[in-house]
Every structure is written in structure tokens, then in C-alpha cells.
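Two complexes, one shared chain (chain A), two partners (chain B, chain C).
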Partner chain A sequence: MFYPGPLVALVDIGRTISLVIIGGGLLWLFIRALKGKEVDRRVIFLFIFIAVATPILFPITFGEKATRVVKAVYDKIESLPAGSTVIISFDFDPAMAPEVQPMANAITRHCLVKGHKIIFMSLFATGQALLTQTLRDVVETEFPDKKEEVDYVNLGYKAGNEGVLNVIISDFKKMFPTDVNNIPYDSIPALDDVSSCKDVDLIVSIGGGKPGVKEWVLFVGDPGRVPVACGVAAVVAPQMYPYYPKQLLGLLGGIKGAAEYESELIHNYPRFKDVDTPGLRMMGPQTLAHMVIITFILIGNLSFFIKKRKDRQ
Partner chain B sequence: MKRTTVLVMVGAIVIFGISWVLKSMSLTSTTDHYIAKGFAITFAAFLTLCIFSFLYKDNPFYKFAEHLFVGVSAAFWMSMGFWSTIVGNLIPRVSETLSNYFKVPYHPESYNPFYFLPVFLGILLLLRLSRKVGWVSRWPLAFIVGTTAGFNFIRYLRSDFIEQVSATFVPLLVDWQGIGHFFSNLSLSSTGQFVAMLSNWVIFFGVLCGIIYFFFSKEHKGVFGGASKIGIWILMITFGASFGYTVMGRISLLVGRITFLFKDWLSLIS
Partner chain C sequence: MRREVPLFITFFIGMLLIFSVFIPPMESLGEDFTVFFDIIAVFAFFLGGGNLLRVHVSKLTRQKRDWQYSIVTLLGFAVTLVIGLFKIGNPGGIAAAPTAAGSLFQEIFDYCLVPLGATMYSLLAFFVASASYRAFRAKNREATILLIAAFIILLGRTPFGTVVTGWIPESFDVLQVPNLAVWIMNAPNLAGQRAIMIGIGLGVVSMSLRVILGIERTYLGEDKS
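And now, the complex of A and B:
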């Protein structure tokens, strides 16, 4: 869990003081708006900073329930028989990591606890380092009994964007003759039954850029009729919705999607109750920041209409 | 340079130095390379604050961080291009000597003389740097554009057109067993018949009205005009949802940076 170290005793006091500051500040701005005075943009930035920083220092958590699109991904992984092969592709860079890495970690946990074999790979050069982070923080720490090359394999990054997908849909070995440890393809037990993407039971692309989810759907999912699920950065989530449910069996959109997945996982597997859940943790700052933004929109509109009325008079 | 600017810069350097020393001291018990790690964390925090400083106003600290990011990114992608494409993909397939030199496994079974074609085109692309023969670089560029277009055409036509059209034709009466059955089982459950039907109606008529809005060969009047108005509302709602998601994404990134500052740099949270 994510408890503030030296501030444990001050959590409630800090939370209350911060909420009073935010509430009082917004009230002050509201009164200024009523008087027709404008607000400097830097004041808005300051409020957003306080709204985001407060729940990080003094955690505020909310319950999450998986929506249908998230549940579809969860149910698919849950319903696959143990020993199924799942590709998890890390198609993101550090800029997207705060949003999508929690999804990658949660899905990795779920696959391993169900006994699935995982093929880790990346279409982003910077994705390999983030993939290593997941292997270190989740696989090696929480599942020490899982063996590399047997229960999971790390194929790493391969340059070529959609060209890579166009090859692996028919021949995996051609594009990945070895894994990242230079072990030949034929000597990796986890890949014994996999000669192409058509042999895997599920593909999960975690990303938000190009190449990413769209390319997986276009170049592998649709032509190979392989089930594809995804976890994407919030910015691109609306562009992915048209593919659901026919071309994408489910999707995790932004940090909300990650939080829902983590919540569902903890609900069904209590052993993960004590693992770090950044998705759920981030929902506190998200909620408070959104409330502040909504209040600013209301104050802005109010100010606009008051000014309009005054001008008419 | 103004005196205030010099003072601010000196102040920033002093604070950076103090922060580095304190961070390194706090890391002595947990890591061997505590001075280097202390520097890395302090420098990352400094750059984060430099970028945030733009919210106040444009300043030299922001410019420094921005230029450093652009420079490092360019260098990173250049070296990644070399190591992943040339050393990772090409050399193991064409040369045993070079494979040994770069310590990558050689795959003689994958050898194909056609691999030299992209090498040749790549060299032609670099001729852009020359004023006299720069025009030759248009040939590989034309090749790239042509192959990309051809490569993507079928995929996009299939997935983004045919499959999407097919996904729009959803049943408007889901699991229909008569009006009596419909009303007697009416519920607002997300898995219920009513919500499923409503969702399909929104998809079908939403797409139809959206397309009508972009159809300019007929005047937007009467029923057609009404559908066009619904179309623009659908578009507005889509843009709103997109904007909402974007805000959520940006806040997540801000949470990531503030967590880094509080946790890794200031050690306020564990």
C-alpha cells in the first residue's frame, strides 16, 4: 500500500486543511467572479497543483467497479485455460508510462496467477526498458517461482513498426530468431507451440502511440482473427472505442481503466491486496482535480454571463 | 545579462548542489553508486521543475530543459536506429564478420541479397545533405511513400472501412420477443435488453446523422436538416468525451511527476 511515511499521523489533519484551502480558495474566486473580476491563469495552475498534490501526500481513495469494456479483458484472461499463451506488447514510452504501466503490471499479474505463458515484446524502442521494469517489479518480485523462457519469455524490442507485425503474423521466428538473452527461438520452451501470432490465445497491446494498438488490430487481429485487447493512454482511448467489441474484445482507457482492472483483480484475488496499485492510488488526485476543473468551468461561465448582463445594462 | 538573472542562476546552482549532497547522503545505506544516483534524481527533479516553470512565464530554465530534451531525443533515436535496425536486423542476416564484431548471433539461413537494397536506398537518402546530388534522395523517399501506401491500403480498407461499416449495422431490436415481454422486463441494467437496444440505436443513428452532417450536396432543410443538427450534436459529444479523456491523461502525467518529486526526490512519501 502507499502510505505517506513521516506524515502518517498528520494524514487526516492535512487532508482536512487542504480541502479547506481548496474549498475556501474556490469560494473566494466565486465571490470575485460575482463582482466581475478576472482570474489570472496562474491561480488556476496553483489550484490544480494543490488539488493533485494533496491526495498524493494525504491519500484519498475511491472504490472502483469494472465497467463492461474493462471486464471484457478481465473475463477473457480469466476464462483462458492455464497454459494458454498471451502476448503482452509494451508499445509505449516513458511519457505514457504513468498512465499505462499500471495496466501492464496488473495484466501481467493476472496472466501469471492464472498460469498463462507470456510473450513480452515491444514495438517501441523505449518500451524495452519499461518492460524490464515490469519484469523486475512484478514478475521477479511477486512470482519468484516463474522461470524465464519456460513461463514467460522476453523478446524485447524489434525495429520495423508494422513491418514487424506483418512478419510475425505468419512467422515469429523470422523476426525474433532469439530472445533478449540471445537464446535461440527453438530452445525456448515457452515458444514450443508458437510459430506465428495465429497460435497465441490473446494479444494485449499496451500503448497509445504509433505503432500500437491500431497496428495490432490492422495487421494481426483482423487478418489473423486473433483476439486483441488493449490498454491505452486516455488521449487515444476515444479513437479505439470504434473497434470495440468486434475488433477489440475490450479496452482499458487511461488511468481509470487501470484502476478498474486493479480493483477487479484485488476483488477476485485477495493475495494482491497488499501490492502497489498505482491506478487506484491515482484516482484520488484525478477526482479532486476534475472537481476543481468543473468548478472553474462553472465560475468561468458565471463570470461570462454576469459580464454579459452588465454590458447589456 | 541582468544582475537578477545571474543571482537566480547562482541560487539555482547552489540549491541544486545542496539537494544533490543531501540526496546522496540519504542514499548511502541503500545503494552503492549513491553519488551518481543522487545526481540523477536531483537532475531529473531539476528538469521537471524547469519545465513546470513555464507555467509562470517563459524563462531560460525552461528553454534549457526543452533544448536538452530535443537534443537527447535526437541522439537517442539516432543511436537506437543504428543498433536496432542496422546491427539488430541487417548485420545478423548479411555478414558473419560484422556479426562477430558487434557480438550479435549470425543467422546464415536468413541471408538474402535483397537486404542490400534498403542499405543502398538508405545511403541515397543521406545524399540529401549534398546540394549537388540532393535530388537523388527523392527516389528512396518515393519508394518509402509508395510502399507505405501500398502496404497500408488493404489493411485500412479492411479494418477501418469494411469492418467499421459492418460494425455499424447492429440489430435495432435486440433479443426481441414482443412488446409485452419488452415492457414486463424493462430494466436499466447495463446488461439488460433496454440498454443494449438503446446503445445500438445510438450507434446506428449517430453514425447516420454524423454522415448526413458532412453531406453537402443537398440543402440541410426539413428532416435532412434535423438529422444534420443531431449529427453535429453527436460530433460535439464525441469531442467532449475526447477532451475529457485528454484532461484525465494530462492529470495522470502530472500525478506521475508530482509523485516523483515527493517520493524519489523529497522522500516525503514512501
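And now, the complex of A and C:
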């Protein structure tokens, strides 16, 4: 979030006051815990609210360093020669969008700056509208020179879940005779060298539900020997690790994964320094909320042990 | 006959699709059946819409508890459907995609559905915090292991983890909290997840065989005859 000059001091004051309130409040609860007192559920809710709202109103940003799993995705896109074809599948709904759409945006940005052709599609009915957001906010705004149907193509949503993948592994046209603009498959220059998923260089599935990453690995990645990478919500990430690193070359998990990717992109491409980076922006609320949760876990254990000792006595 | 015919169809199609995977000349057959399936899958939308109407109209007419919300649901459904179907307010006209940038359908999606979905999902933060406070207690050995793992994962998901352990040299970087969090995901979590997945896989194979061979017949429903 950008604040004009005079507001900067106000933001700093607001941020400091909020942090003092959170810190002071937690200290008070800690002292209460030393007496063996439990914390009411509503107090926890209040602290989480302040911890999440403060960095949204008064932004707190942190530096990020890409972990191996995220770096693997970045390096793969970076190493592909210009003109390679990448599928980005929007397999998520609006509920998951705040967590995974920043990944989709960052990966789209990276592919376009490297000169790759992108095939956008979705296995979720609501994914097509979310795809439109990325096209509008990233592709059309930041890359006005990129032409639809030439540098990228929007195939949209197709019903059928894994059935769709089962067909496009051998014949794309059978499932997508036209793109969303009703342009016939054969008249789309971006698809000139693509007759099936086996012809693409990388598949990136963004999502976490079903159909999604798992189906891409089982129905396309493995049988077609196509590299698959993914970006998923944090709660889904543990289920994806069994596929890493052989069936999934890398994965972005939750907002942290998005922030790491954005950070890596900004570090290597300074032209993206001023673009919106929701991943990095949202790390403030996430960090503060996690710290509050960690403190509550400590407080909970402290009061638990003190109570246990009192009961023994 | 009411039982035998569906059982025969299931057996025949099931065997055909199994063979289509292993016999190359039959591969296209499997693909064609998938396309048939995809066409049938589209009808699920009609069923879904029909069911939504049935449930909420009945709730409204019988004035069941919270019937007022059904008005909002039905109105939202009708308005979105009409705008999407007839491309009302779509700059590209009737030939454009319903989700074309700037279309009314997309605006409804952007400014109603997206914030509502995100709000529902974000409520998780409050419940997770409350549940963590109550559940992560070192009551016994297993709970302590869970607590330590949760602690590392929580810390590893924040830049604070990098700050605290950033001083650890590159050669021992696995000990840095974010990498430790990745290790927990990549070793103990992976082992557990794979065991579950293999179990599910074997279950799916045996269940599929039971259906194809006609041993499992619950999908046919109750035979009233």
C-alpha cells in the first residue's frame, strides 16, 4: 500500500501503538498464565483481529528468501528457452484466491518476461473468472505488447475434471476446439506447435482442491512425462510433498510460497520492484498472527503446567 | 432384468476401459469414453441448479426457519444466471466470453463472490488460533512431538524464522527454521502421507473390482421389486 508523505508518520505511530497493544496484552496474559489462569476464546479472537488488521492498515513488510521447493519452480521457468510453452491452470475458487492468486500472478509475470508462451485454462468453474483477473491485472497492464492468441491463449474452463486431462494428454483440440473468444484451435498461433500436453515444456497447476495438482500429476505429468509444478494453499501443501521432487519439480505453499517467489522475481528483475506484490504484503498479517498464535501456545502450556503442579500439591 | 442389465453395462464398460489402458490400439476408445463422460458431467450443472431451486423454493413456500435467506439465494442465482446467459452488460456482446473483462458477470464475480469467499476462508484464522491454544499442549510424549513440529512449522512460515536462524552457515542450512519446516514436510509428513495414499489407492482398486464384478451393488440403489 502506498502512503503519501504526511501520512507516513501517522502510519508509523499507528503501527507502533498497535504493536504496543499486542505486546502489552500478551504480556498481561502471560502474567495471568503464571497464576494458572486460562484465556477466554473471545480474547484470542480479539488478539488475532488486531494482529491481522494492524499490518493491513499500517503495512509491515519483511524480506524473503526462497526455500528450495520454491526456488526449484523459479529455476525451471528461468532455465526454459524463450518461446517455450507453459500451461498455467487456475484450479481454485474465490475462497482460495487470496492465498494462491498472488502465485498465479507472479508466475505469469515470470513466464512473460522470459518470453514463454502461456496456455491459460481452468478445471474449476469459477477459475475462469479468476483467470480474467490475472489477464486484466497482470498481462494487459504490465505487458501491453503481448498479444492474445500469439503470446498467450485463454482456453477457459472445461467441465469433466480429470476426464478433461485424460483427453488433453493426447489431443488438446478434442477438448478445446476453440479458445474463450471462439477462435478455432487451428487459427491460434500460440498453439501452432501444441497438439497435446506432451508438447508443452511445463505445467503449473495453481489451486489445492479437486480436480487440481494431484490430477495433473496422475493424468498428465506421469503418463506424458511432462514436468509439473504447483502452487497450493498452505493447508493443502503437506498433501503435495509425497510428489516432490520427482513428480512435482517444486511447489509454492501458501502466502509464504507466493512471497518467496515474488521476492526472487524482484531480486532478479528490478522492473517488478513497483508492481503490486500481495504475497509480500500479506506476509505482515500472517507473521504477526503466527507470532500471536505461538505466544498463545506458550501461554496455554504455561498455565497447563502450573495448574498441573497446583493439582499435585 | 432390472439388475442384470446395469450390472452387465458396468462390467462391459469397466473391462473395456481397463483394456484400453493396456492395449495401445484401444487407447482412443478410452479417450472417446472420457469425452462421453465430460458431456454427461455438464448435466451435473443442470442437476445442481435444479436442486438449488427445489430446496430453496420449498423452504420459501413452507416458510421454514431462516426462509428469508432463501430469497437472497434465489435472487442471486436468477440475476447471475440471466446476466451470464444473455451476456447483459458484456462489452463484447453475445459472442464474447461471459467472463470477458469489464462484463457485468465478471463485475458480480469480482465484487460479490470473491470478497464473500475470501471472508469465509479468512474466518479460519480465528478458529485455528483458538484450536491451537487448546490442542497444542504437552500432555504426553506424542502431544509434545506434535507441539514441537507445530512450533517449527509456524515459525518457519514467517520471516521471523529466517531472522532467528539466518546466522547458521550455508553448510548447515537444514537447521535454519524455514528449511527445518520444509524437512518436516518432506520427511515425516511425506512418510505418513504416502502410507495414507497407498492405502487409499489399494482401496480404490479393490472397490473398483467389486463394482465391475458386480459384488458391490449399492450404487444401483434399493431393488423394490
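Just so we're on the same page, the second predicted complex is superposed on the first by the 305 of 313 C-alpha atoms of A that agree within 3 Å, B and C clash if a C-alpha of one lies under 4 Å from a C-alpha of the other, contacts with A are read in each partner's own complex, and residues count from 1 in each chain.
Please note the rule applied: a contact is a pair of C-beta atoms (placed from the backbone, for glycine too) under 8 Å apart; a residue touches a chain by one contact, two chains touch by 3 or more.
What you see is a predicted model; the values in this text were computed from it and never measured.
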{"item": "Chain C versus chain B on the shared chain A, clash or fit after superposition", "value": "clash"}
{"item": "Touching partner for A:Leu218 - first (chain B), second (chain C), both, neither", "value": "first"}
{"item": "Which of chain B and chain C A:Gly160 touches, first, second, both or neither", "value": "both"}
{"item": "Which superposed partner A:Pro238 touches (first chain B, second chain C, both, neither)", "value": "both"}
{"item": "Chain B versus chain C as contact partner of A:Gln133, first or second or both or neither", "value": "second"}
{"item": "Chain B versus chain C as contact partner of A:Arg271, first or second or both or neither", "value": "neither"}
{"item": "Chain B versus chain C as contact partner of A:Lys246, first or second or both or neither", "value": "first"}
{"item": "First (chain B), second (chain C), both or neither touched by A:Pro177", "value": "first"}
{"item": "First, second, both or neither for A:Lys256, with chain B first and chain C second", "value": "both"}
{"item": "Which of chain B and chain C A:Ile56 touches, first, second, both or neither", "value": "first"}
{"item": "Partner contacting more residues of chain A (chain B vs chain C)", "value": "C"}
{"item": "Clash with chain C (superposed arrangement) - responsible stretch of chain B out of 24-32, 96-104, 168-176 or 186-194", "value": "186-194"}
{"item": "Overlap of chain C and chain B interfaces on chain A (superposed complexes)", "value": "45, 48-49, 52, 68, 95, 97-99, 125, 158-160, 163, 166, 174, 182, 234, 237-238, 242, 253-254, 256, 286, 289-290, 293"}
{"item": "Chain A-touching residues of chain B, taken from the complex the two chains share", "value": "55-56, 76-77, 80-81, 84-85, 88-89, 92, 105, 107, 110, 151-152, 155-156, 158-160, 163-164, 166-167, 190-191, 238, 241-242, 245-249, 251-259, 262, 267-270"}
{"item": "Contact set on chain A toward chain C in their complex", "value": "39, 41, 44-45, 47-49, 52, 62-65, 67-69, 93-99, 125-126, 128-133, 135-136, 140, 154, 156, 158-161, 163-164, 166-167, 170-171, 174-175, 180-182, 234, 237-239, 241-242, 244, 253-254, 256, 283, 286-287, 289-294, 296-297, 299-301, 304-305"}
{"item": "Contact set on chain C toward chain A in their complex", "value": "27, 30-31, 34-35, 37-38, 41-42, 44-45, 95-97, 99-101, 105-106, 109-110, 113-114, 116-118, 120-122, 125-126, 128-130, 132-134, 136-139, 147, 150-151, 154-155, 157-160, 162, 178-179, 182, 185-186, 189-190, 193-194, 197"}
{"item": "In the complex, chain A residues that touch chain B", "value": "2-7, 42, 45, 48-49, 52-53, 56-57, 68, 95, 97-99, 125, 157-160, 162-163, 166, 174, 177-178, 182, 184, 217-219, 222-223, 233-235, 237-238, 242, 246-247, 253-256, 282, 285-286, 289-290, 293"}
